[in-house]
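Each chain carries a letter (A, B, C and D) given by its place in the written order, and its residues are counted from 1.
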Amino acid sequence: MLQYIIRRILLVIPVVMFISFVVFYIIQLPPGDYVSSYSATMSAAGDVMTQVEMDEMRSNLGLDRPVYEQYLVWVKKIVLHGDFGFSFNYNKPVLAVVKQYMGLTLVVSIVTMVFQYVVAIPIGIYTAVKQYSAGDYFFSGISFIGMATPNFLLAIILMFLSYTWFGDPLLGLFSNEYVNAPWSWDKAVDLMKHMVIPVIVIGLASTADLIRVMRGQMLDELNKPNVVTARAKGLSETRILLKYPTRAALNPIVSTIGWSLSSIFTGSTITAIVLNLPIQGPVMYNALLGQDMYLAGSWLLFMALLTVLGTLISDILLAWLDPKIRTEFRGN
Amino acid sequence: MRTIPAFKRQKPETLRPKKNTDANYSSQWRLMYLRFKKHKLAQISLFILALLYTVALFAQFIAPYGLQSYDSKYVNVPPMGFKFIDADGKFHIKPFVYELKSTRDPETMRKIFVPDTEKRHSLQFFVKGEEYKFLGLIKTSTHLIGVKEPGRVFLLGTDGMGRDLFSRIILGSQISLSIPLVGVGISLVIGLIIGGISGYFGGWLDSIIQRVIEIIRSFPTLPLWMALSAAIPPRIPVVTMYLYIVIIFAFIGWTDLARVVRGKFISLKNEDYVIAAKIAGVGSTKIIIKHLLPGFISYLVVATTLAIPGMILAETAMSFLGLGIRSPATSWGVLLQEAQKIENVALYPWKLFPLGIVILTVLTYNFLGDGLRDAADPYKK
Amino acid sequence: MKRSKMMLVLFVMIAIIAAGCTNNNSSPSATNESKEKPTETAAPVDNAQAGAKEAPAFAALVKDGKLPKLEDRMPVAADIKIEEVVDEIGQYGGEWKMPWNGPSDKWGVGQPTEEALFRFNKEGNKVEPNVAKGYEVNDDSTVFTIHLREGMKWSDGVPFTTEDVIFYWEHMLKKETFGKKIYDAYYSVDPVSGDRALAEVKKVDDYTFTVTHKYPSVQFLERVAIDNKWFFAPKHFHETILPEFVGDAKTLEITKSWGYEDPKVFLVETGYYDWLHKEIPTIRAWMPTTDPNSDQFVMERNPYFWKTDSEGKQLPYIDRLVATKIQDPSQKVLGTLAGDYNLVVFGANDFTVLKENEKKGDYRIIPWTQPAWSSAGIQLNQTTPDPNLRKLFQDIRFREALSIGVNRVEISEIVTNGLGEPIQASVPEGVMGYQEGWKDQWTEFNPERANQILDELGLTKRDKDNFRLNADGSELTLTIIESSTDTAAFLELLKKYFEDMGLKTNLKVVDGGTHFDMKYANQIPITTENISVANVAFRPDAIVPLRVITPWFGHYGLYTQSGGKEGVKPEGDIALILENWEKIKASKTQEEIDQYSNEIIKLHMKNQWVIGYAGPTPTLIAASNSIHNIPTDMVWADEYRSLGQGHPSQFFIKQ
Amino acid sequence: MTAQAAQTGQPLLSVQNLNIQIKMDNGIMNAVDGVDFEIHKGKTLGLVGESGCGKSLTSRAIISINPKECETTGDIVYHSDSEASLNRLNLLSLHPNGKQIRSIRGRKIAMIFQEPMTAFSPMYTIGNQLMEAIRIHRTKNKKEAKKIALEMLAKVGISDQEKRFDQYPHEFSGGMRQRAMISMALSCNPEILIADEPTTALDVTIQAQVLELMKKLQSEFGMAILLVTHDLGIIAQMCDEVAVMYLGKIVEQAPVKEIFANAKHPYTKGLLKSMPRLGGDKTKRLDSIEGTVPIPINMPPMCGFYDRCSDRIEGVCNTNAVPKTRITDQHSVRCFLYSDRQEGAAQ
């Protein structure tokens, strides 16, 4: 098992290296660079830069060098110093920017993930056990609609409904007065209130998906002979349900955790923009728009790493959860 | 009670009761069809989809107005219902609409529309209107329904430029319903070839292909979209733009299908009948086409069906970010992107109608996919 | 009267201290006090406010000895700037809550809080002293003597003196440490030879300095008020970071410790965008207290602010300015409707949704007019590289065709929601340079005539889609390149009208940065920028080709900028414009300036290089009904510092 | 009371007029139709028939573990001497998931299944699944339960039990899995063991071993066995009495020797002919019964075997419900070929 994991991790390295270069290249692909977008914002505010000023800025930031050279410098710094470069937009080291947003990003992502699994698994079990009941149709209907509604529109609509019903559109993750306030019970409550819409919007599509997977798996498992065996042993229905079909159905579900990790990080970008969430997605998006390439590059690199690792984690989880594979490794 | 007649020997076949026994002897496709027939929701979905595609095919004919029928007089008109009874209480057998008088609220500058009960326009079939090419071939100006000029009918209201939303939804379906089909089609071909190679031959080729798929999959799609659409040159017509988008989608989408294909190839290639064919010296191509493909073509149909809704949604997301198709060319994504302005949600909520159509389409595709999956699975009851 | 007020102030202080002490049991005696009159003390706070000369929080700090007394914080009595209130004397307290696009929108918080040496008056035609107490000028407008306010202090309490001006001039502006060239305003021009000479700045005493020009500079103060509002910098701060004082190594170290990578960028940020950094002393009404990169940027009142109202109450009234970062324009609207923000600036597009919810949201919409020539218009690049296009663009008949081939009523109704009149791009009434009849030039919708003109121009050949071809048979395409999607509806209509005339039209939306690059590379044939000029003589960029900035004159600007080395040589009426501009710079009197300015405008009227399809729309200020003293009937212009023209330090929130 | 019952005293389990109906899309299927039989202490009853004849449903109906869709009527009376509360208890009257039936399942009536691979969950160790029934019915104590489980594994001939206990089903061979299954079923000393095709999935040699083991354990524990199979060879080897099922009905029932010596029903005869015989004519092809079993949906009153029957009587067999005819006290058959005798006797 350990050998397998090590082999997989070693394989991750070239993949991530390759991705990082492609990422870096793609960021540079659109015309213009950070200096041009910077000067454009400045000129919009009546503050015009001349060509000379722009050229100077380019050379200061090293943007006048060829792409591969910039890439090599960047990678060298990462490898040697753990320095991911500098964010032009924020005037901060990339790591500092990432750190600034990481806390809330993790909160949103983890809460969303927990929401997904906590909601999807019981509903999946319920709809499978009560197949074709009113409850089954209700939940399946909701989850299908959740899947079918584009996130950004759902976010806007929920925000507007929240405004018309409660007088508060619940923008952002905190009310104005709590943004810079130290942590307190009230702030936590405020955060929870503001999390409702994002969690629903970000989580709904995947929740719907999970419900369907869980339901399908459960239906398969419920018809397996081992359920009959368990019943013949005199076990109670609940016990049977939890021990046999649920446990087996959870396998593929649990193994999706690795995958969903990165998709929650990136999948929430559009929603986060609409809902004004201070998390990484919009930061990355703006970095891409503003050609803030080290920030964008590092972030994308991180995402790629997360995806690759997520796959790895999923594979390992799957192996670990499946006694067949597990015992094979033990055997070796 | 009764006498026993002499034993009669008969060929048993002639008297076999005809009860469902055909199920036991049917081909795979026939079985699928029989099982699919049981899935009511999937059948309804198939029907709705067929309807949507028919409408898309004849969109120019069905839509009362064109994509560029701007009219400052009718900006943000709420949906109009047909009427049968006029202001005097008189009943009319033909449904009709009143002509609208438009004014502005002097305070808020909002357009206000008052029906002019003097001017009644009956809804008619085959009305002359904007000229278009029927099926892209025959020039005509006949539209399925509408009212005579200067009357106007806006079933679902109008947008901020005075265009009929109903027409735009219908015309937009041409792009929105075909992008996913073509996109999935391309992904399918790529996925089939690459997944097939990977699964059938295995070994180092498989490893390399799997790594490549892994790389593509771990690629965040957002910057990819942004970069690719920024790379699209300015002077291209809508059709070309459309093709580019399809290619972007296909590029991202094929990996999923390749995985399905690969998985099936691996599991099928060790089946006895395939091994038997190999031992018998049948060539690889023949094995693939004759023995492997039929084994999972039904799964492919399902996977394809279920991949389509994702593409429909992806198209709307691209439009939200201002990438992809732009008005006056219209897709549902374009309509939703316009609808998502808070102003529209607050003041002109009918602009959210396209959302209903998107949901309907995505739902029907999902139900159809589910139905097909159930039908394709020979082990399902 | 005065005694009783003093008593009240005292009362308030005690109350506040008492309130503070109840939470802090370190001092037993204070606790006793608070126990004595815990309830009565609370009441007088409101009453007392009416007479208080400073914000309660400061009064408390003074009482604690943590802050010098008000008198010691303000300039000497005679030198205090008394800010006229718009409606009434206000009260202290409250927050100005606004949405903010983040640190890239530096001016969003910069302009309303800016305190210039000289600022424009309400009408926008003259400057008045602001940070400066006053000035004298000699008869031939060469020597300007400027007086500062004695006893005025930076927000850290360090006196603000001539030293800060001289330091700025010597060590920052002349050294170009913050990435700006010495502004044009400091050069005077010899009317005869055209020789440019840099002014001299000299200290007279701690509160007086002179600016001496070689040649007359009639508009010096106005130009300074536009180009270099902040003719000063906190010497005691910049001395600690500028490389010429601390050495390159130390500057680099400081740069890194601030989180910056490059000292150049660092110096630009600190020297130019100083209001974003809490480490830098300021003379603004509010000073930053948080990192601008955080989700909320907060500016708190400046205890050393040097303005009072007519009753002697120190400004600003509003406690703090809270700028909350937003990511999508919808949030601005929704937040305003919900009351999350109480003073927000909008474009005219949001008029209806804001107006419809005015009552429910408990705010009011205050429109400020803009000195813009149009709200929907196009600029044809006169120097576009394609010879066929350039020939057309330079032909006045072609511009006429493009103008009359478009139905302005439709544009006005659909694009501006009826707010912008269906008129030609022209100087609006009431703004310097207004020309009678200009707004109706070529405005009648006449597609037949337009087509006829195009035929006359030789564009008679058509391609298979019935689009016109150039006379030589080559493809003719008008490409409109845009940097934002806000103009989508306008461009869609424009495309339709142009194509109805047989002119194939393409739209391309690029990001702002690319648009900027393309402008420099002369790659933008057509775009939709609107001209907005408060006064040509003050800021000529948009209509005089002095550098690469406005698309219509394209690389004519580069020619001027590079002194004839690059770009396209201006000819005809364009050359005339530049000639007039040179005359303005060398003018000795205001009359001369006005005359030449008018000439420039007239040349624009004659040529109509910029075509407008809908008149200007107002800028909307959505202000909560509790915020008072916001002036109406104002002009919104960058030259006047937008909302800053309303003097925000005297805005107040009624409790 | 029949002579058969009188012979052996009170039956342990008596199934009377058992009907199982399944609702299908196109009608109601009478999967089990009027089945009667009895199981006696220490004896083995064989239930034989082709797949789909309802024998599995019948066996599972005894402990109410059929899916909900199966509507079951009739009486299944369980009579245990050991516990007063279980005297003459009608199992069908109990709630199918209730406490009482659950206390009988696994403890008094245990069951083993055809597919030992899928009957065990792949997710848990053999030991885990083995201990489950013990911990419900015998002891809460984990250690004790493990001890019993290990003993049981030893009894079914599994060596190295400690190691085997912690292994997963996929690590067991087919025969071992079935042994483990048997040990699981017998771990609570049941009075009745229902074995549903216990050896079908096994190799012939393993089959013999498993059957041998079952026989051995039966004599050791003294339990009754209901053996469901399609294999007449196994019946001959294991059973005291045989019930032949066809299309939901018991068409013939008799002691095992009687069946092999004196089968009456054409279907039973067909079955016997299709069985290879030691010392039989090797050049002759084995007989098979032509045709397939119809699906009993909306069946008119007729003999289900009519189509395939070589001795059918047109106008009789396909128009009337077939009554049960008693050949001897212990031998009954459902066929019109013999019904006149019955009718004659009645007259």
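What we mean here is this: a residue touches a chain if its C-beta (ideal position, glycine included) is under 8 Å from a C-beta of that chain, and two chains touch if they have at least 3 such contacts.
Note that the structure is a prediction, hence the values are computed from the model and not measured.
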Pair joined by the larger number of C-beta contacts - A-D, A-C: A-C
Most remote chain, CA-based centroid, reference being chain B: D
Central subunit by CA centre of mass proxy: A
Euclidean distance of C-alpha centroids - chain A vs chain D, Å: 55
Chain C and chain D, separation of their C-alpha mean positions in angstrom: 93
CA centroid of chain A to CA centroid of chain C, Å: 40
Chain A and chain B, separation of their C-alpha mean positions in angstrom: 28
Residues of chain A whose C-beta touches two or more other chains: 30-31, 156, 160, 274, 289
Per-residue multi-chain contacts in chain B, two or more chains: 230, 340, 342, 346
Residue list for chain C, restricted to those that touch at least two other chains: 330, 334, 337, 510-511
Contacting residues of chain C [partner chain B, same complex]: 330, 333-334, 337, 350-353, 355-357, 409-410, 412-414, 417-419, 477, 479, 481, 485, 488-489, 492-493, 495-496, 506-511
In the complex, chain B residues that touch chain A: 211, 214-215, 217-224, 226-227, 230-231, 309, 313, 316-317, 320-321, 336, 339-340, 342, 345-346, 352, 355, 358-359, 361-363, 366-367, 381
Chain B residues touching chain C - in the complex, by the definition given at the top: 68, 70, 72-73, 75, 104, 107-110, 160-162, 230, 234-235, 322, 326-328, 340-343, 346-347
Complex contact set, residues of chain A against chain D: 224-226, 228-237, 243-244, 247-248, 322-324, 327
Complex contacts: residues of chain A adjacent to chain B: 11, 15, 18-19, 22-23, 26-27, 29-31, 144-145, 147-153, 156-157, 160, 223, 262, 266, 269-270, 274, 284-285, 288-289, 296, 300, 303-304, 307-308, 311
